[in-house]
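Just so it is clear, A, B, C, D and E label the chains in written order, and each chain counts residues from 1 on its own.
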Amino acid sequence: MVVDKHIKFRRLIPIIWKRIALMTILSSIFVVPIVYFGLDQFTIGMTAPSILGTAISIFLGFRTNSAYERWFQARGYWGEIGAATRNLALLCGRSDQKYKNYKTNRLSKAAAPIMRRMAKRGVALMWVLSRELKDLPPLQDESVKDLLEPAELKQLESVHNASLKLLFNQNQDFRAAVDEGQFPDGEHFEFILIQRQLAALMTQCFSLKNTGFPTHYTYFTDLFVWLLVVLLSMSLPGQENLGYFAIPIAVLIGWIFSMIEGIGSYMDYPWANNRNVIPTDFLTRSHERDIRAFALGETELPPMLTEKDGALY
Amino acid sequence: MVVDKHIKFRRLIPIIWKRIALMTILSSIFVVPIVYFGLDQFTIGMTAPSILGTAISIFLGFRTNSAYERWFQARGYWGEIGAATRNLALLCGRSDQKYKNYKTNRLSKAAAPIMRRMAKRGVALMWVLSRELKDLPPLQDESVKDLLEPAELKQLESVHNASLKLLFNQNQDFRAAVDEGQFPDGEHFEFILIQRQLAALMTQCFSLKNTGFPTHYTYFTDLFVWLLVVLLSMSLPGQENLGYFAIPIAVLIGWIFSMIEGIGSYMDYPWANNRNVIPTDFLTRSHERDIRAFALGETELPPMLTEKDGALY
Amino acid sequence: MVVDKHIKFRRLIPIIWKRIALMTILSSIFVVPIVYFGLDQFTIGMTAPSILGTAISIFLGFRTNSAYERWFQARGYWGEIGAATRNLALLCGRSDQKYKNYKTNRLSKAAAPIMRRMAKRGVALMWVLSRELKDLPPLQDESVKDLLEPAELKQLESVHNASLKLLFNQNQDFRAAVDEGQFPDGEHFEFILIQRQLAALMTQCFSLKNTGFPTHYTYFTDLFVWLLVVLLSMSLPGQENLGYFAIPIAVLIGWIFSMIEGIGSYMDYPWANNRNVIPTDFLTRSHERDIRAFALGETELPPMLTEKDGALY
Amino acid sequence: MVVDKHIKFRRLIPIIWKRIALMTILSSIFVVPIVYFGLDQFTIGMTAPSILGTAISIFLGFRTNSAYERWFQARGYWGEIGAATRNLALLCGRSDQKYKNYKTNRLSKAAAPIMRRMAKRGVALMWVLSRELKDLPPLQDESVKDLLEPAELKQLESVHNASLKLLFNQNQDFRAAVDEGQFPDGEHFEFILIQRQLAALMTQCFSLKNTGFPTHYTYFTDLFVWLLVVLLSMSLPGQENLGYFAIPIAVLIGWIFSMIEGIGSYMDYPWANNRNVIPTDFLTRSHERDIRAFALGETELPPMLTEKDGALY
Amino acid sequence: MVVDKHIKFRRLIPIIWKRIALMTILSSIFVVPIVYFGLDQFTIGMTAPSILGTAISIFLGFRTNSAYERWFQARGYWGEIGAATRNLALLCGRSDQKYKNYKTNRLSKAAAPIMRRMAKRGVALMWVLSRELKDLPPLQDESVKDLLEPAELKQLESVHNASLKLLFNQNQDFRAAVDEGQFPDGEHFEFILIQRQLAALMTQCFSLKNTGFPTHYTYFTDLFVWLLVVLLSMSLPGQENLGYFAIPIAVLIGWIFSMIEGIGSYMDYPWANNRNVIPTDFLTRSHERDIRAFALGETELPPMLTEKDGALY
């Protein structure tokens, strides 16, 4: 996520110079002959480009809005995953570190390691999922290794969907903890609800990842912008005494619409590991610190992650 | 779902050439006499086409937005169905393959086949529903035959709504499993909630299928685009010295609006078995693999489905 | 709900000819004197009608969107009512037709008729509600008479809100069924949840019925369209050599906006018993068939309802 | 809520004549000198007013949409409050008037008055809340006095938040009823859920009341409309031969935008006790009649409220 | 939150004069040479600025809508936090001040202080969270000190996330209260649900705080407004005889768009401690008074907070 308030043009130029050059050439193909040979019969007035301009504006407004909503939806999903993990820690943590068996009303020795493992696995799941969404190897991360037991880590290496396997492992520990009387009444239900939420949220995150904005919209929006440059190049020379000066104006309008479209294209992929990514690592670390401190009673917390070159990851 | 980033015009031309030809004829009917006989008194200035152009733009913006939302809503429903099925597998699966009767605290022999059958039936339901939504024969699929027992498969052949029958069958197995002490406390409630979710989601999927975008909107949007071509054909020849050149410009504008409308029309039917369909098969297989591996402990998984000619199904 | 893909103009003409005639007269009042007496000082350029045209377009876009959403919201409510009724049938139906008392673990003779009656009453409630929403006499329908016992039918005749009375009757049967041990654990809660859902959905359906789109918006949108016809009639004659030809152009624009507004007006009342109504009968019958077959084990099902003259009711 | 289909201009004129007069004066200040002295160098073409007109249209579209949504949200809240109260009546009512203690399985004498009092208090809460939202004295209403016991009514007079106090009183009666075995299992949970819903809905209603549409938007939208009148007054005289006739055209456009803005301003305050208010009294009475008839078994019902001068309150 | 109905320009001028001055200079750079040297070949007609004006309008419409929704979302979150806290008070309060152990059916001496402490801690959490969101030291407030016990206050001073620590402390007291038989059945579940809600809401509040509107949109919207001023400065002088008078018109349009953008920028940060902030203090105090009066039985309530200089905080 970009946190800088200023966009550096030096970052933009390598991305956009080609498009601007192509637009300039395209515009010249129409403007130069019209001006040079005075072919006024090929200038087309302002009706057609105005109508197309309005249509593209509305179309891009819709497209921008959708991209924006997709991005914030992704942000929201990660927030909900964090909240569910935090809620899990509320269930599994004991500030006073005593795990009583509610059925026998005595302390349970077996419960403490299970319950603490579950709280940690919750955080580990966030790290693994974060890496899967960003197309990074899911387990090659110090944070993951720190939070999981070696046996489980090894088991995960051989499965095709590590984050979901962790969810199933939670269920197994849950059954053991239930036997130790750790989930009375509402807590029992709440754990099951958390699993339901996580199962759904993980599906939703991957759904956003593998279902892009419809290709047709992206493709034709782009095509229509090029057509607008053409229409403008045929319209502007006929107005006033504009001459060759029509070229930069047509390209400017084309560039503006391209920029708007381009920003939308980037935001469409909220998990792509670039400067616009949802800062899943940053947020996961923040939850990790809270859970380590308040649910596990740790005092040496891993540091917050900070921005790199104006962006959080 | 189209996954290609480029649209092939050879695919488009058979769909659109007729419309372009008709627009050309329509436009010529107005432009040719005006230019040939110099009937300037029938040219209409730019006010009327501009206003109509703006109105159509906004109308198409709304229409596009709705089609897009319908499509993603369908995508979301399938995601939720997948999440519910995954959640069911969390309830029914035992990684260590032991099914304890929580009332007697002893292992239940009868439970294992019931519980595994339920997890499989959940996936089968997705396959059957996917085919019903796509108007394919619901049971003629290897995946379905693989997941259901022969007796149940035979029973389904004679019912009018196979996917719903599966939901009722789940309930019957559930009661048997409850007698075997398999659904303590929160699990009991969770199964009922999953049934509620599936009952609702199946209704919602068919609701999208049998309730199209209102006919009036589609019909009149299209009509207004044709009227715009007419108005443009009466307006453009009066501007500058445009002459017969007005015809391609009017057709171009008409084509652009038709394309936008056309994309919306396709997306309106997210279950229609064409290149724009929600990739229900692809997604179902993905869930099937997860559930077979993590809930049923299988190691030989059916392969992922792949795109055909740039589209997922 | 209109299912025809084509709109028949012979249906439209009786609705719109008056408006078109009035617009023609209104337009003539302005155009004829301007053209006949050459009153160029009363032509107003294109700025004013353009601005008003844009404003009306956006206003109608909003209005159309709201009408569309109201209509689909109504469709969604009926889907949810169907899903809740289906869920009720899942609770009350027994495929193997045995009703065990979970407290005594013995079969309950008394339960079967109660439970079947509840499932049927659920469907009856949909029929009654459908008729109430369409302003038809709620009980005069074969389907209702078929699903309710004569005593209950008689009781309903004397109450002011038959559908709600049915909901209260469900509660009474529920208490009897609970005494027969029919609603263990999660089923008990689920029935109460279904009652809550239905209580809310019935309120929401009537809320849509008795709370129309704000009168002010409808009224002024219409007024502004007439003003646009006036402004166009004062603007068009001044452009090019348009003359009396300005009248049909102004009326055409006015008609287009009126059509858009008109479609919205119809969709605003999703329960009004005309061709645009939510097909509540069609959908209820569909649920009735499912429930009769799968929850009650009936084999002779009432037939699906079909479209009449291109519309479902 | 206005239910008339026609707006009476005699109602509008006292509200708008001042604004129209001011706009006429403002417009004249610019038009008269330009026309009288022929100051063509101060006319500004149509670009600037067109752009401003488009901007205001879109801005007003957003503003109108928000106002409309706020109003329907308020309507929805009241619907939900009604549904929750109806659901409470389902819990507390007994059609056969017998209140069995589910723990002792015997009739409870103490329960009947408590349970009936709770159902009535639910309706009373709606009346009190309705009056609080409309800024009327909350308890001075026959309906309230009819539904509450004198002691409770007296107690309410001294508290700063009567509707919330009623919610706390419900809880106290609930605990008494629980002791009488009136809320088995799911009913126990359902009552708590209803309290949660009402606590939230009351907060949301007041939230709408005390959080208006942002002042900045309202203020600047209005300012921009005045600026548009100015720009139009400087633009129109330069077109064609419009002369002083530019004044009414500029004022007309200004009036149209003012009307749209004005309707939005009214709808922004859905609880303000004027003709646009959510008809909370009408709806509450409707629920009161249902609950008195079906949950309390009363036969003499208070009459429905009717519209006054074309509006429901 | 601004509650004044009028915006004071003296507040605006220090914010906007720089921008207006810069726009004037920018506009002059183009207008002066064109007018002074009569460089008509550099004027560009109205097509380009019209298209750009429409595009910016739609873009700003989207941007404004999003900012508005973010602000009201924040308002909604605070409302939900208030509702959850109110619901907690319903659980923990006893109007008659007696805390019965539902398991022993006897009064619990230990329960009263725990339960009252929990209700107070709920309100304290709101105060602490409010200050954290506004970037104020979370504990330096009389209200916080009044509501928490000194030991807990001291403990909070050393933690990195005071509001979340309070949530964990609630859980600890909850377990103690459960042992005293204070949370039978549905109340047990409700407390857990409240914790889940608060865990999620706190995450959502901080999510809004640390995830701004995408930088790219803000940056380029601003850039495009400047480009519009340039295009207008090149377009207006060519129309009519506008001359230097084009400068104020171009700046006026630029200022209008800047104002719209600027309001959006402010609303994007709903927790920033300025005049547009969500009035979290005001709302928290309101809940505090309700809870002190109705759940704790206090009679001396802290005063309502009032607006300062036309704004609530």
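In this section, a contact is a pair of C-beta atoms (placed from the backbone, for glycine too) under 8 Å apart; a residue touches a chain by one contact, two chains touch by 3 or more.
Computed from a predicted structure; not experimentally measured.
The chains touching chain A as well as chain E do not exist; no chain touches both. By the residue-number overlap criterion, the interface of chain B with chain C counts as different, with under half of its numbers used by both chains. Chain centres here are Cα averages; for chain D and chain E they lie 23 Å apart. If each chain is reduced to the centroid of its CA atoms, chain A and chain D end up 38 Å from each other. Along chain D, residues 46, 50, 54, 57-58, 61, 189, 193 each make contact with two or more other chains. Beginning the circuit at chain A and passing next to chain B, one meets the chains round the ring in the sequence A, B, C, D, E. Note for the complex: chain B touches chain C at residues 40-48, 50-52, 54-55, 57-59, 61-62, 66, 159-161, 164-165, 167-169, 171-172, 178, 188-189, 191-193, 195-196, 199-200, 203-204, 207, 211-212, 214-220, 224, 227, 231, 238. Chain contact summary for the complex, chain E toward chain D: residues 1-7, 46, 49-50, 53-54, 56-58, 60-61, 64-65, 68, 71-72, 75-76, 79-80, 82-83, 86-87, 90, 93, 95-96, 184-187, 189-190, 193, 232, 235-236, 239-243, 245, 249, 252-253, 256-257, 259-260, 263, 266-267, 276, 289-290, 293-295, 301.
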